């Protein structure tokens, strides 16, 4: 922690800060410059991080030196995390994982049709929402437990893994009962009670980045999960909110190498939500792999015209097959498998 | 709803859309222009809003004509909503409401000290967090029910109303038991289960705008609450996330007149979170009233140096007194009272 | 300047940085912490600011301690700058300055009609564009020198001061010949050659904030002008670009107190461009004054239906009169005059 | 153009709009819906685009149907533009173009050293700034014409093409004399006089996207150049400004397929400015190619520690060689050559 004093700071004000630092069992390092005094803090930064030093008289600004997260950091765990799903599928390994399926679970029949197609094309996870976060209260809110059952039945038939969203602390156990991986959606990235609850489950968690969350905030939200004992966490970049309106969101492709540098956790990308239009899914999926992502989450629907949600960004199974075929050489070009 | 067809759209594609519109019991109005065909939809737009028409072959874009919210809209309810708290305090009336207190409830003693001061200066609501949403799992998470009790005791002693945050669907009833108004924080603005749960309570709700939520999304979240039967909702602008880093957030002052135009619900502003620094609270509080806000929410702490959260943006009681004194002429200048 | 070394930095890497600092005639202050080494630099920070220290081996990050601007800073010049226009109008003084007029100069007749009205209502500056920055090459680009002449004639008749935009280094002298104040538009805030050229003129300069410029960047652009010898600079907040689409831009009201704190230069606000809709101009104009702005720039048109640019955000003269009348008590409420 | 009337619009107000449309020689199509009246305009939308219809009494909103640009649009010119440089290098063709070199031209010696390396690695354009746009007036501003001469000499020796920035309308001819391609920087994307001036040159133009420019605005700025007769324009995505601070800018990778869909012009990506840190250049360069970019612009410096600008984002020649080697399979994977 570095504390920069104002030009006008008095010796008493400097002393006041120095005393506080000592009280906390830390060591102050006072450096009187030409223009102003700067105080460095030696010792465990966490002790002083929560002090509102900015309000001390004479203080101009406070600059943290270390990262605020621990368990998720590369410094804590230098090697890439690779974990196994119940069927042996490895997440974070050389082989790219692909999660595909409809935005919402609508019926057993459609789920099975779509599931067969995406499985054939190479997807290992079946995605689909039973609890849906919708901007309007008048939109379809999901089939709930009935939808979870359809997911489980379909996945068992097709030997796929399920990833599905959980929105409410009260249904975490229910979702965990049916699903192989718990998805925390972008709008709930800072629903801290939900994070804690998922941290206490045995199931892996897919944590999506919030619409206006920084990478640091995403990692702190992951830290909530790890700090409760659940280390099987996958991060997901799904586009951030910017001024650009030609796409639904702006995929922050930079976030892929930044996340890879700062944490050992695997990271995937969702080009369907990231762009909002099916015609952009293919190029952005390829870009994600080229940039180092460990997987993809893609919306596929066999009849987008009748989809109850997110039709415009869903691929037809035929287009998903083509995407998977074209992805393969890109994976190989960057030393990955599909 | 207006459906713009591509230049290259075939008559069959136009027909396909027309048929769909008719199937929904709506009336299509086809207008063949020089460059392209445009189809207007006559009838209840909600029926067609959820159709993913963008994926129909030949469709270039779909433009909604009406607003997606109903109960919160000015068209539905042209007059300003004014509602009463249990002690007769009117929210949304000529008199500006002021909510003040510490960021977090830390102890009964500090709460009482701060409460006395803000009450004396003219605040009618005591604010203070018992459940705290914190970016890091290692930050102070609030005193929970114990904090709620301290709030209730203090407010009863001082004859103030309480507003405090609820974060989890499982604690909505508990918080409603102690508090006079339920606060839904910025990070939970799209926690739809929480919105629904608060919509079923009898207590008024303070709904804060999300960091990257549009005004339309804020109103749709309010619609969730009203649609469950609770019409006592106050909206709160508290700064949005932008590229600017000299303040913690960017107060969207434009949102005040926009919200006033689009909805009948009262709206207040939180200059403490909106700026992040105590020295900017006063000018922005004045600006809020000048722009038409119905109230203010302000963080006050008697010892910001020791505050467990948000110290840098908290006013000392002395400064809060000065603020209230200087606010009075601004209120009068725009026809309001304080 | 503070240089934070990586945890893995070797003693040689630390030495390499230390040597560089000494070479520049500065004094390094090495502080070995528990987790990592931090090096403070004592002496004139400007010498080292331009060094790309981030690329030195072992360096994690570099944190500047002092502000990068000098002449515009409050530290350099603690008192508010107040300067006089050729007719004695004071800019930055207790009395609020108001600049009003059409977006574009369209004809002598309309300019005179609008000018008379805004003068009567209390405006001292006549605004109007002769050179227009337009997003599309097919939009009206302004009347050029002919428009400047109309502005001069009208202003002389009405005894008003002119403020008009200059877009091209080649026309700075021409514009300076006709105008009393040179306006640099938002899109040219970082047109550095234009800044330098205006810095060499004797006329005061109105510098508008860029759509995505930080306050620091705005001040650095002002520094370009001052560093060429022209100290008569007024800054103008006119809305920044964010994700919100219900208004044309988002007025950053926080910027007013931030600018007042960091610089001695006067600052005004443009609610017409800041909101994009005439119905929001009045509340935002009031908010600007309440927050501490020294003036306003407002678009007024006598026939917005036929305006060649920015019709939707222009006030009718009648509405401008009402605005000015309602502004007066707000000015008084914050100790200003109108 | 679609004009949506307010619910409260009177028949007179509808008529007023209808009359205006007829006056412009266009055909109105009035559709009375259940809730409100909508008026479609049939005919050349450009005639009515510039009318401020939003200010007509009774009008709620105006929605354009067609794109505001012509010459740059795919509808106008369906096939990809491919053009030749003076040495036969094709821009926009199957073969990816790579522009590399230092941020600023510092000396003939360094330019030649870097030029040799990047040429050997496969770059065909030598980049380097002689006129530098710098946020601070105290930063290095470039060597000017002397720098242009060094660029020309070096490029002639190495048989490379030059791309270099032009910032001022007064130096467009000078820069065009020495350079093979004129670069318009992000900060000048809406310097409309500069766009027009470059539109009148015979040299190809590289147009960089502004920090907060939408894709539509970028295309409109390109339209300025084409409308003056210069059709040899390359667009460049270089990162936009968002709230994320872990990288200098946020590369909008979505923009690549969006631009490819909307225009026939070639598009390249600049991962150096787009990320701001050398360690992220490689993954983002690969992502750009995978997403469909036609080329890359990359900063290379032989001694980043001493670079006068942008050291942290410059690659060492050795790392540039590795990047080019690793890029090759990615190019092949998406059907391109390097």
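In this document, chain identifiers A, B, C and D correspond to the written order of the chains, with residue numbering beginning at 1 in each.
Keep in mind that, in the parts below, a residue touches a chain if its C-beta (ideal position, glycine included) is under 8 Å from a C-beta of that chain, and two chains touch if they have at least 3 such contacts.
Note that this is a predicted model, so its numbers are computed, not measured.
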item: Labels of chains that are neighbours to subunit C and to subunit D; value: A, B
item: Which of A-C and B-C has more C-beta pairs touching across its chains; value: B-C
item: Most distant chain from subunit B by Cα centroid; value: D
item: Inter-chain centre distance, subunit A versus subunit C - centres from mean C-alpha coordinates, in Å; value: 38
item: Centre distance in Å when subunit B and subunit C are each reduced to the mean of their C-alpha atoms; value: 31
item: Residues within subunit C bordering two or more other chains; value: 212, 241-243, 245
item: Contact set on subunit B toward subunit D in their complex; value: 2, 4, 7, 29, 31-36, 38, 40, 42-45, 63, 65-66, 75, 241-243, 245
item: Partner subunit C, residues of subunit D touching it in the complex; value: 20, 46, 50-52, 54-56, 68-69, 133-141, 167-170, 187-188, 190-193, 196, 210-212, 217, 220, 223-224, 227, 241, 277-278, 304-305, 307-312, 314
item: List of subunit C residues in touch with subunit B within their complex; value: 212, 214-216, 239-240, 242-247, 250-258, 261, 274-275, 279-280, 283-284, 286-292, 326, 329-330, 332-334
